[in-house]
Amino acid sequence: MSERYSASEMMTVTASRALANGNTCFVGIGLPSEAANLARLTHAPDVVLIYESGTLQTRPDVLPLSIGDGELCETALTTVSVPEMFRYWVQGGQIDVGFLGAAQVDKYANLNTTLIGDYDNPKVRLPGGGGAPEMATCTGEIFITLKHSKRTFVDEVDFVTTVGFGRDGTARDNVPNIGKGPTRIITDLCVMQPDADTKELTVTSLHPGVTREQVIEATGWEIRFADDIDETPVPDDHELEVLRELKARTERHHSEA
Amino acid sequence: MSERYSASEMMTVTASRALANGNTCFVGIGLPSEAANLARLTHAPDVVLIYESGTLQTRPDVLPLSIGDGELCETALTTVSVPEMFRYWVQGGQIDVGFLGAAQVDKYANLNTTLIGDYDNPKVRLPGGGGAPEMATCTGEIFITLKHSKRTFVDEVDFVTTVGFGRDGTARDNVPNIGKGPTRIITDLCVMQPDADTKELTVTSLHPGVTREQVIEATGWEIRFADDIDETPVPDDHELEVLRELKARTERHHSEA
Amino acid sequence: MAEFLSLHDAVSRYVADGATVAMEGFTHLIPFAAGHEVIRQKKRDLTLIRMTPDLIYDQLIGAGCAKKLIFSWGGNPGVGSLHRLRDAVEHGWPNSIEILEHSHAAMACAFEAGAAGLPLAILRGYIGSDLPKVNDQIKFIDCPFTGERLAAVPSIRPDVSIVHAQKADRHGNVLVEGIVGVQKEAVMAARHSIVTVEEVVDDLDTHPNACVIPGWVIDAVAEAPGGAKPSYTHGYYPRSNKFYKDWDPIARDREAFSAWLDENVYANEGAKA
Amino acid sequence: MAEFLSLHDAVSRYVADGATVAMEGFTHLIPFAAGHEVIRQKKRDLTLIRMTPDLIYDQLIGAGCAKKLIFSWGGNPGVGSLHRLRDAVEHGWPNSIEILEHSHAAMACAFEAGAAGLPLAILRGYIGSDLPKVNDQIKFIDCPFTGERLAAVPSIRPDVSIVHAQKADRHGNVLVEGIVGVQKEAVMAARHSIVTVEEVVDDLDTHPNACVIPGWVIDAVAEAPGGAKPSYTHGYYPRSNKFYKDWDPIARDREAFSAWLDENVYANEGAKA
């Protein structure tokens, strides 16, 4: 780790760089929202951010706490109904990238946000699917960002809320009208991508100062590493400054009332 | 006939009286629009007029020439998209009365607005179904108004664009989620209603001065008369005055540009 | 045709024990005042429908009003869990509740289909998800034109839908503005509907394509200023993000929750007509 | 992302011979200027889709651009027939055209389904009508929940949709206001889209739930002041009801029509970039 930036800043900046200028991006709340707005405020001013509350092309000045904060509507190009959002915009194929978080992800990039344990007798009940199950199949591709730990990166999720590549990596094969699915997972340690053949998540880039052992230790399956592993480029000063200002503004705003 | 009013005024006033105050009415262009607006300007100020262009609860000052005149939008409570109009308002069951015209109607109140002759080799090609086919089945009931003649009142229509009671009177039997269908036909000679059992159109009221022979002569099938036939009440002076003013305003408006 | 009623009378008339009730509002315009009135009137055995249960359903479930929940995302947005919902699901307190779980896309389509008078909604949904394994209301059909397999869910047709909006005119026509969610669909899909509004005005004073729900598709309009707090009403007051954060420790603890309910709902008699 | 093009260049680039083209606008905002440009560029063998063919398709059909028409009401509103359409259907002049005929409800749902990325639309439609006998694209399915028989039609996915609107901002975001018809659905359902606008402005200056089509779902925006005449643009100019009435004798007569076309379309070179 550097003293110039934290591991979570490294994660957010790397996630933000995944978005290209001009992409249309369906934004999940939390880390994805932070990364997507950082992208908009730095290298991708024309990225189009869409939240499932119906707010199209929104430019929030502070990060929303919920998916439907007033800020999102006030700064949007327009706001459509939620049925229209899911029918015309998500299912209609108008979105390039879905940017998701998750509680659990497994080696085939399946996401679990439903529960830990058994469905009829859960150990922990989580919020559920929300917009993710269809976002994962109807958008062009999916980026996922979450913190790396054995608790979140598991061999097999307890419940496939949102499909990555299925229990055996083949869930998207021969399915018509389906997106590419998860193409990268950005954590605080590394970047993973699905193997071209098996679809198993594979480390393709390590953040500076992070060792293979750290990743192996934090992953709940025998994680593979690509033949050529890059070192993830570090955040630049401007990105860090913009991110810190954004988080400070957000903090002030949400503690107000 | 009286000298106080014309046969067509008798028809329009009678049709307008069929609408009750507070009814929601899906209005077809032409005679139905004239009758519905007369109702709104006389005995039914709270009748809700809906045109298929998406204009909800409209109060046009002049009769529209088309189903989507600017006047309809400017005086509407709000204007929705055409898919919403047909999905939420018509199919959603929010409309009490559909008010229709037609080119041909037969003894089971089936309407033809498609063509005269054979479909693949038409003698006369008419405009087609428009909003009528679903209006006829999704609204609570249907009123029809058109001028009486052998050419329009035929034994069997060449094409069932819009169902009344089908070729044999049973088309609505045991069909779920279907409206009552045509409950009255108002012409310049009389009022007809479907027989409770057979659904065959039957004269229930003759306009003042009109003879049974006139109706028989103008109808393309052996028209039946109800056991008790009323004389249709005559227009009052206020109705005639309002109707004539409405038509004069309309005439002036449409010849302007 | 909409009748102007007090919130007490509207809830008393249209929300029966055992009813299927949808209170909608997607983060924005959540009908908290109406939800509290339902709690105060001790309605029981309700089937509660809502895409995002939010604190309003956490409170209703904790107060023992619900026997079943139909939903697609049940959390405290940006904060964490709905602890009253979890306590009911995980430990049966104050009573166990049945849950029927969808994705947002499916619920949005099901409300849309309900408003459209259809018995089902069709969507390209649930591909590869385990949700169809635990929700027997998710079926699949083959498109007769392309052969594509598509998901089908039953439309939502609540006994009563309750929503909050900015304003009504004297005829009960209601303007909803900002994040409009599925409120219009909820009202149109329901047998009966109650709309609470910030204020009643002479003229909605709006634009040609505004989201206006005509009075003749609404049963009752009740004036309830601040009726969406701690959620928000665009143009009137902001969301209390602080309340959402403060809710977490209250909801984690049965006693703290019960005390909160006593003080903030039961003791707070709703306005009568 | 929307590109600002001249109408000439937009039509030249996106409307190919043999393409499936939807020009929408429900009485309001009918894209006449764009239709005339298609006639001037002598596009051929088009499959024309439009709920209400109106004069614009009467002109395109009379000019020989169409090989097929998909529609649900083909008349001159409030006046009578579309005589060029009738002449093509009844007598094959200037060429015979195939027609595929729906109801408004089915076409509106088919546009909606196209925008929603679905292969089909489901509706409670065509009960008792003869239309399914002459249109093999109307099928029926049984609801897997209730058993109810419902109509199914293929969604509409044009190669190119062309609509007219009030204004675009500098990024190509378009405001449609008033009677919005199926224009947004037509644009979103199409592979490519052209929007003509009355004017390009710095700011759309509108309300939170306006019908705005974002520039990134549009291919080309072309400025075309008066581009909807003789139909109308809410807020700009009224419908010329007189023109609609005057059209009847012109369209009844092949020679009168051809002369009209020469004088008003062919002789009137469209603005180039």
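All chains are identified by letter, namely A, B, C and D, in their written order; residue positions are counted from 1 within each chain.
Note that a contact is a pair of C-beta atoms (placed from the backbone, for glycine too) under 8 Å apart; a residue touches a chain by one contact, two chains touch by 3 or more.
In this text the structure is predicted, and so the values were computed from the model without any measurement.
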| item | value |
| --- | --- |
| Distance in touch steps, counted as few as possible, from subunit A out to subunit B | 2 |
| A-C or B-C - the one linked by more C-beta pairs in contact | A-C |
| Relative to subunit A, chain with the most remote C-alpha centre | B |
| Centre-of-Cα separation between subunit D and subunit A, whole angstrom | 40 |
| Whole-Å separation of chain centres (CA-atom averages), subunit A against subunit C | 28 |
| Residue numbers of subunit B (touch at least two other chains) | 73-74, 79-80, 87, 91, 138, 177 |
| Sequence positions of subunit C contacting 2 or more other chains | 112, 117-118, 123-124, 146, 148, 178, 180, 184-185, 206, 208-211, 234 |
| All touching chain pairs, where touch follows the definition stated at the start | A-C, A-D, B-C, B-D, C-D |
| List of subunit B residues in touch with subunit D within their complex | 29-30, 52-55, 64-70, 72-74, 79-83, 85-87, 90-91, 110, 114, 119, 122, 124-134, 137-138, 159-163, 166, 171-172, 175-178, 253-257 |
| Of subunit C, residues touching subunit B in the complex | 1, 112, 115-118, 173, 184-185, 188, 206, 208-212, 214, 216-217 |
| Subunit D contact footprint on subunit C (complex, rising order) | 117-120, 122-124, 137, 139, 141, 143-146, 148, 150, 152, 154, 177-178, 180, 206-211, 234 |
| Contact set on subunit B toward subunit C in their complex | 22, 24, 48, 56-57, 73-74, 76-80, 87-88, 91-94, 138, 177 |
| Of subunit D, residues touching subunit B in the complex | 26-28, 51-52, 71-75, 77-79, 81-82, 85-86, 89-90, 101-106, 108-109, 111-112, 123-131, 134, 146, 148, 178-182, 184-185, 211, 232, 234, 238-242, 244-245 |
